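What follows is chain A paired twice: with chain B in the first complex and chain C in the second.
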Partner chain A sequence: MTVAAATALRANPDRNFRYWLLTPAIFLLLLVGLFPLFYSLVVSFMRIDMMDTDTSFAGLYNYANMFKDKRLWAALGHTLLITVIALPIELLLGLAMAYLFLEKLPGRQIFISLLVLPTIISPIVAGATWRLLFDNRYGPINQVLGWFAGHPVTALWTINPHLVYPAIIFCEIWQWTPFMFLILLAALSNVDKSQTEAAAIDGAGFFRTFRRIVLPAIWPVMAIAILIRGLDLARIFDIIWALTSGGPGTMTETISVYTYAQGFKQFETSYTAAIAFLVIVILTIVVTWAIRRMGLAK
Partner chain B sequence: MVTRRDLGKIGLAAGFAGTFTRPAWAESAADIAVKAAQQYKGQTITIVWEAGLQSLDPLNFSGPKWKELTGIDVKVVEAPIAEMFTKIMQDFKSGAGAYDALNVVPAWMPDLVNAGALEVLDPFVDKYGFRDELQKIAPTYRDNQMMVNGKIYGFPDDGDVFVMYYRTDVLGDPALQAAFKAKLGYDLPVPPTTWKEFDEVGAFITEFTGGKTYGAGFFRESGYANFTFQERFRNEGGKFFDGETMKATINTDAGVKVFTDWLAENKFAPPGVEQWGFVENLAAFLQGQTAMTVSWPPYGRWAAGYGTDQEVMSWVPKSTIAGKVGYAMPPGGHPELAAGFCLSVSSTSKNKEAAYLFIQWLNSEAVSLERVKLPYALRDPFRDSHFTDPGYAALWPEAKDYLAALQAGANNGLLDLSLLQTDKYEEVLRQSVSKLWAGEDPKAILDTAAGEWDAITEKIGVDKQKAIYADWASKSGAYPKM
Partner chain C sequence: MSSLPFHRRKNVRLTLRYFLACMLVLIFVFPVYWLFIISFKTPDEIFAFPPVWYPKSIQFSNYMVLFKDGDAETVLNSLILATASTFIAMILGTIAAYSLVRFKTGGENLAVWIISQRMMPPVAIVFPVFLLYVFFGWVDTFFGLILLYTAFNLPYVIWMMRGYIEDIPLELEESALVDGCSRWAVLWKVVMPMARSGLFATAVFTFVFAWNEFLFALVLTRTEVTTYTVQVTHYFGGQSNFWAKIAAMSVLGTIPVFFAVATMQRYLVRGISMGAVKG
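Moving on to the complex of A and B:
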């Protein structure tokens, strides 16, 4: 602001002027944020499906259909399954690794950098890479297993119903455990050492010290990490799309994969909007509950 | 020393020269298109083309040539085939008019026409005198893939058809033939003409060679198996729907037999065949690991080594079986005209006339012949003159037999199912195949699939879909003439 403008403002102290300055930014945010949300809500009450010319008001038709759609509920179940398995493993592994790297080790910085590498890879690229690694014909995983087994192994990792979930969860853990590790390492580094040393002098064991001193100290950070990863897992798409596309059949179809298939392969635009709102409602309830439960709202 | 390959190249070059130095008194559809298009010099037309090898045609050959002849630039928008329909529909729905000309899979045409995304081409065809040359497209493609509701919406431009490829040295091995006769009590058929024969020959080869050469390789990955299911189901006598009620009938004995036979065949195919698509099957065949397979035409060219010395083809495994491959109709005798492409004009194009002239020129007798001979592109012969072209027949020693097999396929081929929202029906088939490999019961899978097909039909409207199906089923390539 020039000196002249500042003087003019002082001379005429219009308190609303600052709000006028903010208006374009607020308008832009509403335009790109809230408008699509409300428009999607409107679309979810219509009959738009890309191919048809009848786009009239459909009332609760799309929402009623969701309750009859077994594939949708199965997809939600698959998402939940992956989340409840992958999230605790990532948390425990990340915590263990963070403890390991808490000590001053030779080459610590280099190891930490290397361990974090999977996290910076695009998930779709990671998925495509793992698909190659799991390939039954040219993939090294079957080859290595074959060396141990003493005979060729032709495991169909992305087709066999007994192997496909372990494959997906393994990839997920491989890529995102470093994220947990990094955040928990930062949290552990900030734990007051005098308290843990005092506990050790008083004869407290590792688990007692962890439960009584370390966990309360790192809990706010750990809760945020759990929340972020939980939300990521709830919308898991890339790795599954690259590895199995939701197959075999619809066995690994998560809610994001199903929504994508409905929206961009089947062109069920209104139904997809309704699914998106169902997901928003479910996640809002879960996140609100989790925030209260974890004490993050305090 | 001039080899036969060189003679082929010389022939190609001569044909090329002939195409573009034709005298004015013999005006072809290509010449007419070029002359008329010169008024649009300086403009740019945008065409949607499948990404990968397919698009090397407009990028390296036809696009630059069109620019040279007319001064019109050709911008190629590449998209994977799975995304092309979406892109075309999105452009149409938004009204952006970003695309002028389109590559369209024939099975998509009812949907695109129903939506209004394609321009009717009849007025252009008459205006620019293309009707006579259109008549020279092989009847299967011309009569089945060009029109919707009696109007022309696309020019069939790719003779995609499944052909059976078999190793003449393996099936012709006297020791193997003798052992086969001793075990099965009849002469080994070269090539097998029924699926029963195919399966017995395939299983025997795997057993006889101890897996050194497997009896056969297959497309089993669900995206590809959708086509092979459609082919085999109809060769087994199956019908997709009851024409009266529009109830799905894919769960009849024919469908269950196809799935059950597939499971049995996988046992004599290489391990992991359930995951095989185009590249896996190709690699195994070219490396001599499988004795028989069914696939699109490029397998035949590449197995003979034609064009694979080009840099863009470096990903194609070196053929170890050149000169040892026979071509025939797949068992059952009615191959799938799987996918394919038509050239169309977008209804939202702002350069419709220029776009039309470009596709007329591409599809014309003279230019299309050069395009189907491009060693790196994937357009396959689709005109009567392509099948009998001496230049093509000289490209490799067995090319004449190859062309004969493609022509036989065109004459007996089966159309992909084409209804309103075809992809929804195909998606159910793809998932069904995927469930089969996951170990589910064939009959249960197909019962579920039939139920899902019925639900799709009901959502679209039974009467509406019934009319479309009746139109499709009346076409010569819908079902085999038993």
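Moving on to the complex of A and C:
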């Protein structure tokens, strides 16, 4: 392709063509992207709830209420807790698995296909499946634990306050480690082998080679994988809904579950809008910071 | 170890890796196995203590019930929603991506804004959208959900198709233009066919997203367009669950995805990582 040719193509008469191509997509994106943002912002300064449709300007009323709302901060804390535990485990386990399948192995392709199954099923189905697995009496998990313990185990995985988080994180890790695995496997396969071999000949150990040669090579891909998973974890809803619905009480309520409850159970229209806006702001800040920090901005 | 000959050491290593691989597959596949197996169990087998690890015979009565009660129709609803929204998102997204790539419309800023829309937390969108839909009477309609799924998938489609379209040589389009094709004809007769493999790969993931989606469906459907994911949660109970129905419904909803992904396996990596890994 030449510069002249590209210019010719661009200078072709039908000048509005390129805008016609974009119009429907932009319209839809504004509808689901900008409209909710704008709406949330406006309504969050009013006082609309189930009883009252007061649309007069209420100032920072809803935002002030947030500081007193312990359930909101708890929900943010739960979301953070799940994220900081599940994300590193998924990453490290995925990386270890990627190394395991990096070299030749008989039936490698079949293994990989089977390992990817959890990632492609619906999170709701994943949650439902683990609900069945975790059942205290008819589920296989307590049964297997019983074999090791030597006596029957009747742990209430989705009810016992000490066990709900392990249950949720287990399910989460089960579903999304294969995602990390698949991406990291592709990234590792692209690392220049002559470099790692040269390092091995020079007597560099595994960790040294990994830190100096492999990690810089796979980092751009790994950073995006971390970003995608981090974002998904920050908005986790389906798995919680299927496993615990936020219970016992509000113990496993994440920010998404809490926002849902405020909007569709308490009908706190204005307050929900304020929370939605807060969530968008927090995520935007964190993501922008993460993109800079991870060197993804170009 | 060091006293062993080199090839023996290599064999030990391979055996160990093989063993680990098998253990991993066992752990990751077992839950899926359990889901399938429960859907074929009789009530006696489901509520047996200790649990039955494999059913004595395969029987389909759990599925029969779903078809008889009409619950299985929710899978059809999911199919309509996912297919229609994928189709529309692919067309709108591809032509938008073409504009971004060939004419640099809006520059880098527009492209970044589009991908940033993907980061929107669904829960922050769903509430305003719900009120909007109530106003227009779009709640519980196919139109409403197709519109939303299409819009939600657009950033992904545009982002992915941008990469594929960049790979198409410009000369082909030029010669078509010289031959007297209109702009639209170039798009349909040159660009679309050239980007075919990219279109399919992207479509699979768009389809899977719409197929597996839950939150929007939960909020925006009532009885007419209930999806299978929402239907599964209807079988959850406070004290007891309808286990057979949960399992059978989940399997009905999972098989099409397995099928879609299996046929598109070679595109899996590039699709899953949003083009981060050139697969």
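We adopt the following convention: the second predicted complex is superposed on the first by the 258 of 298 C-alpha atoms of A that agree within 3 Å, B and C clash if a C-alpha of one lies under 4 Å from a C-alpha of the other, contacts with A are read in each partner's own complex, and residues count from 1 in each chain.
Methods note: a contact is a pair of C-beta atoms (placed from the backbone, for glycine too) under 8 Å apart; a residue touches a chain by one contact, two chains touch by 3 or more.
Predicted model only: the values in this text are computed from it and were never measured.
In the superposition on chain A, A:Val32 contacts chain C only, with no contact to chain B. By the touch criterion stated above, A:Leu105 is placed in contact with chain C alone, chain B being left untouched.
Within the superposed three-chain model, A:Arg137 lies in touch with chain B and with chain C [touch as defined at top].
Touch criterion met: A:Ala128 reaches chain C, while chain B stays clear of it. Of the two partner chains placed by the overlay, chain B and chain C both lie in contact with A:Phe264. In the superposition on chain A, A:Ala186 makes contact with chain C only, not with chain B.
With both structures placed on the common chain, the touch criterion links A:Asn160 to chain B but leaves chain C unconnected. More chain A residues lie in contact with C than with the other chain of the pair chain B and chain C.
Within chain A, the residues touched by chain B in the first complex and by chain C in the second are 137, 264.
Across the interface of their complex, chain A is touched by residues 86, 89, 93, 111, 114-115, 222, 270-272, 274-275, 280, 420-421, 423-424, 427, 431-432, 434-435, 437-440 of chain B. Remark: chain C residues 14, 17-18, 20-21, 24-25, 27-29, 31-32, 34-35, 38, 46-51, 53, 92-93, 95-96, 98-100, 102-103, 105-106, 114, 117, 119-132, 147-148, 150-152, 154-155, 158, 169-171, 173-174, 177, 182-183, 208, 211-212, 214-215, 219, 229, 232-233, 236, 241, 243, 246-247, 250, 253-254, 257-258, 261-262, 265, 268-269, 272-274, 276-277, 279 touch chain A in the complex.
On the side of chain A, the complex with chain B involves touching residues 50-51, 135-137, 152, 154, 156, 158-161, 247-251, 261, 264-267. Remark: chain A residues 1, 5-6, 8-10, 12, 14, 17-19, 21-22, 24-26, 28-29, 31-33, 35-36, 39-40, 43, 97, 100-101, 103, 105-106, 111, 113-126, 128-133, 137-140, 143, 174, 177-179, 182-183, 186-187, 190, 220-221, 224-225, 228, 231, 234-235, 237-238, 241-242, 245, 255-256, 259-260, 263-264, 269, 272-273, 276-277, 279-280, 283-284, 287 touch chain C in the complex.
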